[in-house]
Amino acid sequence: MSINFSTSISGAFFANPIFTASGCAGSGKELSHFFPLTSLGAVVTKSIMIKPRSGRATPRMAETPSGMLNSIGLQGPGIDLFLENDIPWLREQGARIIVSIAGESVEDYAVLARKLRNVAGISALEVNISCPNVENRGQVFACNPDTASAAIAAVRRNIGGELPIIAKLSPDVTDITTIAESVISAGADGLALINTLLGMVIDTTSMAPKLSQKTGGLSGPAIRPIAVRAIYQVRAAFPKIPIVGMGGVTNGRDAFELVLAGANAVSIGTATFGNPMAAMTIKNELEELCEARGFTSFSDAVSYAHRVEA
Amino acid sequence: MAEIGGQMINARAVQLSAEIISNKKVGAYHHMVFAVGEVAANCRPGNFVAISVGGASSSLVLRRAFAIYRASLRSDGMGLLELVIAPQGSGSKWLVAQEPGDRVDLIAPLGTAFGIPKEPINALLVGGGYGSAPLFSLAETLKARGCRVDMVLGASTAGKIYAPLEGKRSVNSLTITTDDGSAGIAGRVSDVLPNLIAEHEVDVIYSCGPMAMLEAITLISQKADVLHQCSVEESMACGIGVCMTCVLPVEGDDGVIRMTRSCVEGPVMDGNKVLWNKSREIPDGVWGK
Amino acid sequence: MSINFSTSISGAFFANPIFTASGCAGSGKELSHFFPLTSLGAVVTKSIMIKPRSGRATPRMAETPSGMLNSIGLQGPGIDLFLENDIPWLREQGARIIVSIAGESVEDYAVLARKLRNVAGISALEVNISCPNVENRGQVFACNPDTASAAIAAVRRNIGGELPIIAKLSPDVTDITTIAESVISAGADGLALINTLLGMVIDTTSMAPKLSQKTGGLSGPAIRPIAVRAIYQVRAAFPKIPIVGMGGVTNGRDAFELVLAGANAVSIGTATFGNPMAAMTIKNELEELCEARGFTSFSDAVSYAHRVEA
Amino acid sequence: MAEIGGQMINARAVQLSAEIISNKKVGAYHHMVFAVGEVAANCRPGNFVAISVGGASSSLVLRRAFAIYRASLRSDGMGLLELVIAPQGSGSKWLVAQEPGDRVDLIAPLGTAFGIPKEPINALLVGGGYGSAPLFSLAETLKARGCRVDMVLGASTAGKIYAPLEGKRSVNSLTITTDDGSAGIAGRVSDVLPNLIAEHEVDVIYSCGPMAMLEAITLISQKADVLHQCSVEESMACGIGVCMTCVLPVEGDDGVIRMTRSCVEGPVMDGNKVLWNKSREIPDGVWGK
């Protein structure tokens, strides 16, 4: 009486719906010390940019009530070394791979898409548009329907083929369904909801912002109610669009909450910092919970909270 | 040449539920002992552990890192891990409030260890506050290799010097400094280092303590032209290398300066390779700036 | 060596900077059982509307990690009974009073302002514009610069005299400084930051949203990093505007954090539910902390995190 | 006519740090005793307490409400408060994990109490699950007034019937129902009520338990034309009347239906005045709809 626990995002198939969240699992190497990466639905890699990035100065993080702020600043090796080292290693492991990309201009996104278009073994592309747009006074792409859709359109034009494009949205907007609409029109096959919320912690001893960059992204259980709301709203507006949900999931109950709201898959971020085995525990608990509620297929549970009772 | 290179998480790291065996207040600190089974045999001086804090409905989402004070596998198979904890904020205060019989979720061993020379050299161990914790087991190891081991411990005040009797036995000499002069020499460890280096013909300094102290020691070691292995303490969110919060600008063997994870490529690092004075910025020349 | 702990908001004087948050202390009656209301900087009353309001159906609340959702729906007696009963009672207590008002149309705000213009014993008016605007498809006033400023302008035109107007803003916007700018231009003398964030909890047993209205407002320590960020951003943009800060303050350290970010006064909301004495404890801790950091006047601590070190 | 009217917070409510005196598992519940001093003398059957849960770094920001099982001021001045706790979610599980000697932050007494008749009447007390908690001290009070007291307790299964020996002594008869038939009569309390009302010539029903049970009892009491005082259980964020989360549609003495706070104008209410079938909506005719 076991359930069909697989899921698919716009044609890409995953054996189970639990993914890592971008930036919270590196490229999978360290987590593979704790469990085989093949037991994840997919590894979503840390957002990669065109060139190597040092990231921001420390302090880069501050713990907050039921959450944390980070301002890593997308530290990473750049797309070329990433393709040379990380992708082959992940392929060797037999992991399902979703590559997350990030740019500072529309052209950056185009270049990254072209670099990835012929790479074998990638299941989908996640496009992190919660990045400052250097061409537009540093305004974050995801905060404006025009810049959000421009970035996605650039990827769409250059990616070619069948690779699904997942647009990752920021919750720091007045109306997330407007942004969702713009990126879907621009060719996004799916959405990732949500990225971190902009927050700040002030150190009351030094009496200055705790992070070197002053603000950082808030993640963890604190933001789960925002994630559930965003997923629910977008699902209500777009009944069919595949959604990868994330935001404060620490156990199977939390993951189930996002699934009921509309998530076709659930990414685990901050929880991994507290517990390297978090994704595995959550996977097992979610499967049991779906079974306990009488679902024979995971996909039947997706968006179930939207049902209209007769 | 990938930025995050060959260095992997400590190959022996294991996540386990560890029972607290004892918890005793010693001066400003708590000495806590955990039952960890065979893992104890895999812990090296300099390694650290990462512990979940706050209990079931905790608002604290991140682990806390603690240097291993001592690890021993008894003949009856009981593996013990000892830590020295300073109650500071909410996580450490929660931990020291736990009682024997309680269990904590613990990952050990993590990070790099102090390098142990093959030859019998003259070592100077320098600790600040609870930074003395990993130095006593290091002292024993060095002694067993025939090294001369001198030690300097510094703190703001006497109660914050952690130097248990059995620990003192394993060193040739112990110098204590306190800012307020309540024990040993009034002053800082850096005040006494140059003389001790000369006096004991020191080959290597091993250090652990606040970052400002490590920076000061680095300057002294460079001047005196001795090696300097230090255990750094950067804020860590994950402790296992996945979050990138714990970085420092460090010069690699290839001469390239990278923002380097102190949980995987540290906490023990070559002090002379760390760009201390730039540790709160991204210095020019860092790879990817 | 005691410090000057008083504060002022656009001419209105308060003996200390700790206020209640609207909707988290009723009209003060219940809290007066625990401490004299005169020991508060001010009582900010629950947002009052023109007519009596039943509020929303239950369940109206859900606890979340380090926070809670509420959808009370502004239950209250309406302005006439409020003026007849609550205001005289508060005046009798000798409390400093800030009246919070809420409307469903621009005209509502105008009517409420007229009802309040000649009422004695009120120190300031807080205008809660985080309400659905029935004339604009239920969009929240505070989410659009035009509707936000229209509501404030209506109050400004009708209030007359010296009563300071404090506009209470929602953090659920792409750029809170834009909204701040619009309400300041429309005549707001001060700002209250922040109202709750829109969130949702799904009950994983019933597999439906837990609140009867589906979404609710997220408050408590979980949102403090958002509040600090919003206050800091608005303070950076408007160095002189008086700000009443709120969002997840549970102790003196938290209050101090908001003050350093730019708050001239701090309101205590959700913390009161966990501890009826919260405002008193916070007041004492904040005063001690200001002293311990060497401030001789509370006003010197305000915005201190913005200083530029020489 | 202000909506939030004369009814104020329980005039005797006090916030205090209460030491746990004992904590015993009884069936599915924990019986916990707290030292509360003189406050114990001010607690009436039906009142409740509100307790902070989760400890210093807790993610649980709201208090939890518990009906007072028993309160007593001993001759030596020691005031004791007893609760019956069902470990359900994170708050109650934390509470039952606390040990004698630990302290909790507690506000007591809160809310309304069961009305005690001046005449010796025939009372039927009906409890569901831990809803039996406040009924035993009520039974004693009624007995002391010369009333006849019969009791019905229901639960899903035998382990969830809370009926300690000393409690049973204070009633004339005790009927037990369980959904699964593992104790007493198989079925629900509502199945046995009509007969008991007739048999014992009941004047007043006092009840405490799940909302669905209270609703069912109200229908029976209306049919039998007996009074019904019930203790309701709505989600409470503050317990002291400031948050407006705990409301129910209740008809006032003036005939107006208002969304009424169950923490201040309850938990004990006149069952016939509650619009049970509309408790999850704002019924037409409610003041301010």
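First chain written, first letter: the chains are A, B, C and D, and each begins at residue 1.
What we mean here is this: contacts are C-beta pairs under 8 Å (C-beta built on N, C-alpha and C of every residue); 3 or more make two chains touch, one makes a residue touch a chain.
Just so it is clear, the structure is predicted and the values come from calculations on it, not from any experiment.
Touching subunit A and subunit B at once are the following chains: C, D. Annotation: 46 Å between the Cα-based centres of subunit B and subunit C.
A separation of 55 Å divides the Cα centre of subunit B from that of subunit D. Centre-to-centre, using mean CA coordinates, subunit C is 35 Å away from subunit D. Counting partners per residue, subunit A has 65-67, 220-221 as the residues that reach two or more other chains.
The multi-chain contact residues of subunit D, meaning those touching 2 or more other chains, are 59-60. Taken pairwise by the contact criterion, the protein chains are fully connected, each one touching every other. Listing the residues of subunit A that touch subunit B in their complex gives 23-27, 29-31, 33-34, 46, 51-61, 63, 65-68, 70, 72, 75-78, 81-82, 84-86, 212, 220-221, 250, 270-277. Subunit D makes touch with subunit A in their complex at residues 59. Only residues 64-67, 69, 143-144, 172-175, 197-202, 204, 207-209, 214-215, 218, 220-226, 228-229, 232, 248, 253, 256-257, 260-261, 289, 293, 304-305 of subunit C touch subunit A when the two sit together in their complex.
Every residue of subunit D that touches subunit B in the complex is listed here, in rising order: 53-60, 90-91, 93-94. Remark: subunit B residues 1-4, 8-9, 11, 13, 15, 52, 59-63, 105, 107, 234-235, 237-238, 240-248, 258-259, 264, 279-282, 286-289 touch subunit A in the complex.
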